[in-house]
Amino acid sequence: MSHGTRRRTRTLQLAAAASLILVTAGCSGGLGGDGGGGGDADGPISFGMLAPFSGSESAFGAYMENGAQLAVDEINADGGVLGRELQLVVEDDACDATTAVAGANKLVTDGIVASVGGYCSGATLPTLPIFDEAGIPMVIPAANANSLVEEGLPGVFLINGTGTQQAAAAVQYAEQIGATSVAAIDDATAYSADLAASFVEQAADAGLDVAFEATVTPGENDYSAVATQLADEQPQLIYWTGYYQEGGLIARQSSDAGFAGAFLVGDGSVDAKFAEIAGDGYTDNVVGTFTQTPDMIEGADDWIADYTELAGAAPGPYSTQSYDAVRVMAQAIEDAGSTEFDDVVAALEGLDGFETFAGPLTFTESHTLSGGGFVIVSIDPATGAFVLKDDLQG
Amino acid sequence: MSALLEVTDLTLRFGGVKAVDGLSFEVREGEILAVIGPNGAGKTSAFNCISGFYLPTSGSVVFQGRSIVREVPRLWHSLRLVHLLQSFGFYRVLPSRVTKWGMARTFQNLRLFRELSVLDNVKTAMHANLREGFWSTLLHTPGYRRAEAACAREARGWLDFVGFDDDEELYVGQLPYGEQRRVEIARALATSPKLLLLDEPAAGLNFNEKQALMALIRKVRDLGVAVVLIEHDMGMVMELAERIVVLNYGREIADGTPEEIKADPLVIEAYLGVDDDGAAVDDTRLRTGAVSADAIAAAIGDGAGGASTPLPGTRADQEGDVR
Amino acid sequence: MARDLAAALKHAPLRAPAPLFDRPAAPRGILDSQRGFMRALGALCVVLVAILPFVDASRYTISIATSALIYVMLCMGLNVVVGYAGLLDLGYIAFFAVGAYVSGIFTTVLGFPMWLALPATILACILAGIIIGAPTLRLRSDYLAIVTLGFGEIIRITANNLEVTGGPSGIHGIPTWEFFGWSFADGFTIGGIEFPERVVFYYFVALVVIVVGVIGAGRLGKGKLGRAWKAVRDDEDAAEAMGINTYVAKISAYIIGAVWAGMAGQLMATHLSAISPNSFQFLYSTLILMAVVLGGMGSTPGVIIGALFVSLAPELLRDFAEWRYLIFGVLLVVVMLFRPAGLWPATAVLPWLKKRRPQPPPFTAAIGAVDEAASTGGDAVEPSVMESVDGLPATDAEEGRRG
Amino acid sequence: MMQLIWNGIIVGSFYALVALGYSMVYGIIKLLNFAHGDIYMLGAFVGFFTLSSFGISNETSIPLLLVVLLLSMVTTGLIGVGIERIAYRPLRRSPRLAVLITAIGVSFTLEYGVRQIFGPNPEAFPIRLESSGFEVAGVRVTASQLVLVIIAAALMLVLAHIVERTRQGRAMRAIALDPQGAQLMGVNVDRVISTVFFIGSALAGAAGVMAGAYYGSIDFLMGFIIGLKAFTAAVIGGIGNLYGAMLGGLLLGLLESFGAAWFGGEWRDVFSFAFLILFLTFKPTGLLGARVVERM
């Protein structure tokens, strides 16, 4: 008897607990309730940014966040957008699809109006449909794989030059120095492989002889295999499309192995650390394709000072792009006069010659930059930093 | 009447050492046979060959007319692939198969499944006899439920048979040592054997437990199961065994009834390691952990005792290591 | 009755004598039996998870809840391999990758609907399990660990280098489930409640699959196969001596683990709509292992808790993302040192049931002399002498220490 | 061709140094020390930390390198001993699985602990060796490569001497053969195991410093891949056998060098892992490993 009673009371308690939860459910945003949205009309306008703050690419998150925050602060100091304050919400994507999707959904739930993030193409891709479904326009500052715009989602805009454009700059430089045989090495990441493939394709079109195309595994120290290959084939120009860590090692090891051609690197390798890793005397023949950075632009010292004051560190890769992404988006919203998806997209498409670090910005039909804005940089032997060598305009 | 198990010229080499050297004996249905010999004499190695764990270097083992040693084609030998193939179960009879044929064994040092309950330990041994498939387990079909119920009933039957009277839901680690020994025998019986190999079943048991064990072994024999046991306790062996095989240095030195064995000069020499003058014990035998001479003399002498306790010996799985 | 039961077993030369006495029926009820309580708890959890969208249907909540559910599925699969069969698999994420990629390729490259990709996924995972398991499962546990790690890396690098897997950027635009023209993406109305977004609807699909997966893995762990796995885990040689083909048992555990992971992979591919090799790094194999170890190897509730912890902790503590792996590493060591069986060990007994353990069966004189002698003998034994150390009979160990 | 061989030897000597520690620890307590690769990383960071706290950068002096090498070896050796004391010793009687999982935990702790201290970015190592090169028989050899190979060979010789000729070495071999027997013979097992951890970790630490000086860049994950490769090397040579570890390291270096040249760098890891699997399938005892008796 006692057993039966106890069990029944227990069941009752469970039922009570369950119904209690259901009742509380009615009060908050459950099914059928409001699923978030643009927030109220007077509150701040939120921009969301997904960037890697953990995992192997975590170094870049802070550069991006600070660049974007600087732009937000400046815009707010000038009175905000549409008379409303601007606000930046940052989420970690860890350069991993699962984390990125969770982060994107969190941003949507937080009610962002526009997205100004995206670093790893692999992690950015799955977030696109999420923002798209939620009616959020995206200006992607760093990720630049061609697949991002291939799907043709209306709200996706890239302000970092795509691989195709950067590769074009690389080919242009190769022709300029009179190289007839070239080679490409990538590090098996999406961005790098894209860029290398694009370079090889365009170089072949331009009538250059492609000696070989190689892929290395990032995170290793020994690249003697590829260095030996370089020394054997002796192409006049090698295009390295990966990041600076491996780039520095390959530059050094290939030089030791006897490679003497030009060592052209993609924007992922344009960092002062490159020279540090490669070591003294190994950077003479190193040049890079890069979008202009403040330190190459005259009069940008103020910007660097502002950034350094805000971040407590010097700007790094994608700081300027993130800064520009916020400004571009803010401008588009201002032009559109609303935060409605269609209006903002139309305004973004309508931007003409908007001044950015990479030069005047106009989007092409496929929502990429009309001109890549790529320049050639080389390493200053005194400081190890990359400095402007050729703006490829002439 | 034909023999249940026939071992002919069994040889096992570890490197240069012959752990078992030309061993031949047979086990008849329903008899109790004891294998004795000083430590390191190759008893456990022989057991391991018979039950399929070791691959003998040469010789044959035939159980119920089926050979446990498989012929390996010369070609494979020459390609040195034979070990690989054997590890995948080709050209050898796996111990699990030997068990399915009806030969069960226990281990010298208790090897129960420590994280399973007593009941589950015994149930596990019924693996081969259980009609349970993947889907019936997933869907909990009536057939599955019946099989599980039958399995539990059978397992309990064996636990009762060996006289286990503690909680069957306990984990084996919680049981006293003597109880664990008993569970191990119940587990071996649950594989439904015709022949039961017991490797030092009395090791670590006290007098009363040994008496109980002897009674249990007789009960097992009465079920029609032949029992082969390795044992150091001479008192127990003399009282229990119908026949005794004596090994020394991997060789069989005697085979006969307890009375014959007691009188066999070779056996006495092997155990006592003395020449006629009663000189010192041969030092190799000391090193291999030979049993104290006095204890053996006493044991062989009166045959009733159980006074001797096994002294530290090498573990079964280390036998091959002594080089 | 007894005849029925006998028929449930295969023919064997020797049958046990009937048990000497009938065991009391196992207690039932939520609070009186472990099983009843666990069932009630499980049902309660399912109900709670099912009403979550009615509490908070924000995309974020639903999205991380779906991911967490998929993690539960994944961890249940690894639990079969590590928890039940005791095979340390450090490349388990490879099967997840196989599932995700096969379903991704089938739907995007070959254009099949998602439900047709399911059998392909399962088949591919069985194959992968056999390919990876067959040569390696005869190895000892530590070799196995490193070989599986190698295999995991091989699969990831291969996915990264091949054309059909989309190279480093992976596969994107994976469609959701659709049946004969009706797609989950269209939205849905049941009983007046509208499921406006596929995200929410997909959550329920995932929930159903995972509940089936958890119950299935739990059931497999309790039957004949499960006992064989656990026997192999505890003592491989003894298991072999009990008539269990240990190689077959291990490979079956491996295949089932692979299939579970593959299904989780397919769910994940649909959930994320894009997959890339970056999500299948060694790190994630370790995270899943961490979940299983932390929760309790071989324990269903433990593994679920572990999976939820590992998948939700970084979301709830997003600010601590950088510290996550350090904390996990330290936790792994600490758990192994101080609570090796995990938070909810497989052998856990509910605290209020401990006192009510079933009484030892009554002593029956009918058992005979054997038992009389044994029971007196058993009592006389001092436990200290009888304890065995490291598998050695006590006497040996004692002697060893003295020496 | 000759160049590929030389490249293989360079990489192989790193593998061999790390593999030695793996193999020693495995030989003596049958533990796969997953954290061993991270000790290598730790060695590099100890060197980095010491040098940069003295404000040294871009140095090329070999004596300085030797000093840092020694310092790092002692530090990583002690860390190795500490790890064994804290994480492995209490589990010596536990199932293998538990210890393996602990080792993974230790590996994570070291990697991400270093990440929290030094940050996720790669750091440039403050000592760089002169790398003026010369050609011998069609092979381009640099001075730094020579220094590297000489130091590695010297360390291995010292180790061989310790194991073969000293009391400690005898004790190690005794424990590897039969731990209980060794204990009975009065060998202090705990102390010998500590010694083994010290030596193994010190060698890995030395390899880390040398890698820093040779390649120039260090990061917190640098130990992961090399740990795997070193294990592969140890298995190829016959785990538990010191000469096997050296041979396996060199062999794996050569295999990779040729594999990468033939199949492309992106398949290099696939190639070496496939080799590991093949070896474990067909010859689990490795080239020089003792034949393991087919036993129960």
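Every chain is named by a letter (A, B, C and D) in the order it is written, and numbering of its residues begins at 1.
Just so it is clear, contacts are C-beta pairs under 8 Å (C-beta built on N, C-alpha and C of every residue); 3 or more make two chains touch, one makes a residue touch a chain.
Just so it is clear, the model here is predicted, and its values are computed rather than measured.
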Seminar exercise, completed: Highest contact count belongs to the pair B-C
Exercise. If you average the Cα atoms of each chain, whose average lands nearest the overall Cα average?
Worked result: C
For this session: Compare the CA centroid of chain A with every other chain's and tell me the farthest one.
Result: B
For this session: For chain B and chain C, let me know how many angstrom lie between their CA-based centres, rounded off.
Result: 36
Exercise. If you average the Cα atoms of chain B and of chain D to get two centres, how far apart are those centres in Å?
Worked result: 44
Seminar exercise, completed: dist(centroid_CA(chain A), centroid_CA(chain B)) in Å evaluates to 69
Exercise. Chain C: which residues touch two or more other chains?
Worked result: 157, 160-161, 237, 322, 325, 400, 403
Problem set entry | For chain A, residues that touch 2 or more chains besides their own | 58, 188, 215, 217
Problem set entry | Overlap residues in chain B, where contacts from two or more other chains coincide | 53, 87
Problem set entry | Residues on chain D engaged by chain A in the complex (per definition of touch) | 3-4, 7, 10-11, 14, 58, 119-122, 124, 128, 131, 133, 140, 142, 211, 215-217, 219, 221-222, 224-226, 256-257, 260-261, 264-266, 268-269
Exercise. If you look only at chain A, which of its residues touch chain D in the complex?
Worked result: 56, 58-59, 188, 214-217, 219-226, 228-229, 231, 245, 248-249, 252, 256-258, 273, 276-280
Problem set entry | Contact footprint of chain C on chain A as seen in their complex | 3, 6-7, 10-11, 14, 18, 21-22, 24-25, 28-33, 35-36, 53-54, 58, 91-92, 94-99, 101-102, 105-110, 120-123, 125-126, 129-130, 133-134, 145, 147, 151, 188-190, 192-194, 215, 217
Exercise. Which residues of chain D touch chain C in the complex?
Worked result: 30-32, 87, 90-91, 93-102, 104-113, 115-116, 180, 183-184, 224, 228, 231-232, 235, 266-267, 269-270, 273-274, 276-277, 280-281, 284, 296
Seminar exercise, completed: Per the touch rule, the chain C residues reaching chain D in their complex are 82, 86, 88, 90, 135-136, 139-143, 145-147, 149-151, 153-154, 157-158, 160-161, 237, 282, 286, 289, 293, 297, 322-323, 325-326, 328-334, 336-337, 340, 390, 400, 403
